[in-house]
Structures are given as C-alpha cells and as structure tokens.
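In order of appearance the chains are A, B, C and D, and numbering begins at 1 in each one.
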Amino acid sequence: MESNGPMPGADRHPPVPGPHQTRAAVELEMPSDVRCIDAVVDLVMRQCQALRYPPRACALNVRVALTEALSNAILRGNDENPEKRVCVRTEVTPERLVVEVVDEGAGFDICECLVDPTRPENIYREEGRGLFLMAALMDRVERYTDHGNVVRMTLRRHD
Amino acid sequence: MESNGPMPGADRHPPVPGPHQTRAAVELEMPSDVRCIDAVVDLVMRQCQALRYPPRACALNVRVALTEALSNAILRGNDENPEKRVCVRTEVTPERLVVEVVDEGAGFDICECLVDPTRPENIYREEGRGLFLMAALMDRVERYTDHGNVVRMTLRRHD
Amino acid sequence: MSFTIEKQGDIVVVDVEGQLIVGNRQELKQKVLDELDRGGKKFLIDFSQTGYIDSSGLGVLVSLSKKIREQGGELRLANLNDDLKTLFELTKLDTLFQIADTRDRALESF
Amino acid sequence: MSFTIEKQGDIVVVDVEGQLIVGNRQELKQKVLDELDRGGKKFLIDFSQTGYIDSSGLGVLVSLSKKIREQGGELRLANLNDDLKTLFELTKLDTLFQIADTRDRALESF
C-alpha cells in the first residue's frame, strides 16, 4: 500500500451542501375514489422525506395514518359519492407534520368511534382498526367541523 | 369489419381523475453557492407543473426569473460569503405564483439598477440583463427589506 | 397488484403482489373463499412481495381466518416485512395468526 | 456540463453540452480566448445540446463576440431552441449575432 502523497480525492472541493427545505405546505382536492389514495399519500411522504423526517416515520407512521384517514373520508364521510370531494391540507416543518383531511360528511365522535380492536371481544371484527392505527401512529388525532368534517393529525419529529 | 356489439373497451371503467393540487408552498434555505441554484429552480418548476401551469410558464418564465434572482442574491447580495444563506419562499395557487428570494445583503434600488440592456449604449455590456429578464418574464418584481433583502416576484396564471 | 394462487400438496398458497387494501381486498377474499368451497383446508398467504396492508386488508385476513377455522381449516401467514410486522403487533393480530419468517418454514409447519 | 472544441477547416466549433451559466461561463470564455490567441478567426457556438443559458452566459457571448471582432474575427451561433430564442429576442441579442438554424448552414455562412 502507498503511504505517500495525499489521499485520493483529498484535493477536490468538498461537496456543496444542497438546499435545505424548512417548510412545505400543500392543499389538494381528490375525488371520492379509493384508487386515488396512493398518489396523495406518496406526495405527502415525499414532503416528509424532503424535510428529512426519519425514513420510518415517512414509510410507516405517515403512510398508515393518512391512508386510513383518506379511506374513512371517502367511504364513511362521503359514502363514495362521486359528487363529493375530499380535501387534504398538509404542513411540514422540521418540528412537526400536520395533515388535515376534510370530507363532506356529517362528522362523527372520535371517542365513541375509537373502539380498542385489540380487546378479546373485538379482535375477530373485520372493521374498526383505522382510527386505532391513526391514534397509535400519530401524536395527536382531532376532529372538528369547518366547511366539512375535518380530521387533523399531528406528528412531532422524533429523531 | 364487425359492426355488432359494443366498441372494444366500452364496458371498462372511465379513468379516475387523479388528485388535483390547489396550493403548494415551500420555504427553504440554501448556501451562497451558485451550484445549488438548479436544485431549487427544479423544485419550484415541479410545483408549478403539479398545479398545471402552462409548460412554457414553468420552463421559461419561472426558470429564468428565479435563476436570475438566485444568482443576484448569491453574488450581489451575499457576495458568495459561505457564512451567509439565501432563503426562498414560494406559494403557488391556481391563480398565481409568488416567489420570494431573501439574501443577507444591504438591498438595492430596483429602479436605479434596472437599466435597459437592449439600448445601443448597453447592448455590448457583459452584465445587467438579470433584473431586466425578471421584469420581462414576471408580472411583477418588487423589493423590500424584512429580515434581509427580499425580492418578490409574482406571475399570474395566463392560460 | 395481483393475487396468485397455487397448490403445494394440500396447501393453498396465495401470493399478494403489491398491496392488500380497501380497493382489492374483496378480490382476495373471494379467491380464498372459492378455494375453501372446493375443499381447501390449509391456507398460507405469503407477503414477501407485499408493500402495504391497510386496516381493511387486516380485517379481511381476520374474517378469512375465522371462516376457514369454521370449516376445520387453518390460515397461516409468512414473510411480513418490518413495517407490516409492526401493524400486526399494534393491532395484536400477531397473537391471532401463526406467522412464519419464510415460506418454507410456513409450509413445513402445517 | 462540458464544452467541446473542434476545428472544421478554419472554423472553431464549440459545442455547449448542458448549460451555459454563472458557474461555468468563465470556462467557456477561457477556452474560446485560447483559440483566439492561437489565431482562430471564425467561431461557431452550437447550442443543439444546450438546455439553458442564464444572463451571465448571455453576457459572456456578448463579450466574446466583441473580443473576437476586435481581432478581425467573427462569432456566430447555431441551433437555439425556442426558449433560448426567446431570451435572445427579449434582450435584442438576436440583432447582435448571426444565428443559424442548423450547424451546416452556420458553417456554410462563413
């Protein structure tokens, strides 16, 4: 092994640090069609990646919670009515991600609808795991009414 | 040719309309290094594409004006000082695009600095075409001071 | 996204390619119930090519498992990636299913 | 991004691959001035592989053209795409340069 001379590449310029995104926000509308869920989830996951969220937070927490919220908005809120739309608003900063999913339904009571699916009497039920997963994978899940039924999920950055 | 029966594919479902972005906003910081310009310009052009701006507005107007504003911020505002940063804020809606480029310099007087480079006495000058192109390709170019020197450009959607 | 069904001896093996979600779970359910009608008793679903399962996909697995057990059969699973394992753990469905790390081990286990 | 220089008879032909921008315009300038020092008089810059020229790139073309003319030579351009043509029109640089639609036509024009 040669030990003389500089390390290979040592005289090259150090790599330039790229631009560093500090905030991203998006609003979009989608039809009440479950086939559109993937495209929306992909977009939000890409924003989290751009803000360097841990890969697992993007691939698991954000993906699962948003997929479930969109399914519920389409199936429960809008009843798959093609006249009705779902709106999605996201804001991602280095500190936290907020996603709001808005449907045109009558709304619902989270506390009443969130039934623990891991309990023996529920574990064989086919339904009822969506809200539970959202609550398990986000730091906060809220519901309010504002030009529609809004489900708001917050994930703090945990590194 | 068979004329009986339905058209081929006539019984298939119509394609689903995809999600339709209605607003996108981004904030980012970049080093005072001209090699980072491309990555930032690409990101903003992609946002305009997602909001279905006409391809030429993305590829020409947004690209040229933002490239020039970033060069000026890096070279004129921050003097390529590696301690200084450039911030970029964009907001794209179906109606208009607003981009703000913020540098840490002392600012400048747009009216004084914007010299018509097409006049015979200027056409052989090597410099002085940046602000002119920004003004020519955007609907509005403004400058103000707010935690730095801010150049704000607005492009209305022209379809 | 597609489901491939093949027989390995008396075991019905289903491969889930892509995702098991609200948009395609009924298709999986129907295919498995058809095999159950034809007398299948041992079922293995292999998730080695599955990127994602949503809560409605989990629900279909639960109800298939129940139906198969009612006919005296059993449904086992194999090859869950880490994210999918987490979903099974969160929902405690890892206590309901026998889950093998590889297809071979699942096949041997019947 | 790179600049390729070749001779076609007594014409120095430069291909700009990628972009002509603030980060690389000095390299182009130096390469062309070196050829001018070596006695080159007829220069053609071909933009068929150029995606983008910024205002500092335009500026370099202007000052090269001036320097070459001072030595009794000439700089011509070829193959501007539509967006690049618009930039030349906006800045009226289309009145300063002889611009050909193809490389062959530019070569013949000298």
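What we mean here is this: contacts are C-beta pairs under 8 Å (C-beta built on N, C-alpha and C of every residue); 3 or more make two chains touch, one makes a residue touch a chain.
All figures in this text were calculated on a predicted structure; none of them were measured in a lab.
Averaging C-alpha coordinates per chain and comparing to subunit B, the farthest chain turns out to be C.
Look at where the CA atoms of subunit B average out and do the same for subunit C: the two points lie 50 Å apart. Taking each chain's centre as the mean of its C-alpha atoms, subunit C lies 65 Å from subunit D.
One inter-chain figure worth recording: subunit A and subunit B are separated by 28 Å, centre to centre, where each centre is the mean of the chain's CA atoms. For subunit B, the set of residues that touch two or more other chains comprises 35. Counting partner chains per residue, subunit C has no residue touching two or more of them.
You'll find the chains touch as A-B, A-C, B-D.
For subunit D in complex with subunit B, the touching residues are 19, 21-23, 52, 54-56, 58-60, 62-63, 66, 83, 86-87, 90-93, 95-96. Those residues of subunit B lying in contact with subunit A across their complex are 16-31, 33, 35-36, 39-40, 43, 87-88. For subunit A in complex with subunit C, the residues that touch the partner chain are 34-35, 37-38, 56, 59-60, 63-64, 67-68, 71, 75, 117-118, 123-127, 129-130, 132-133, 136-137.
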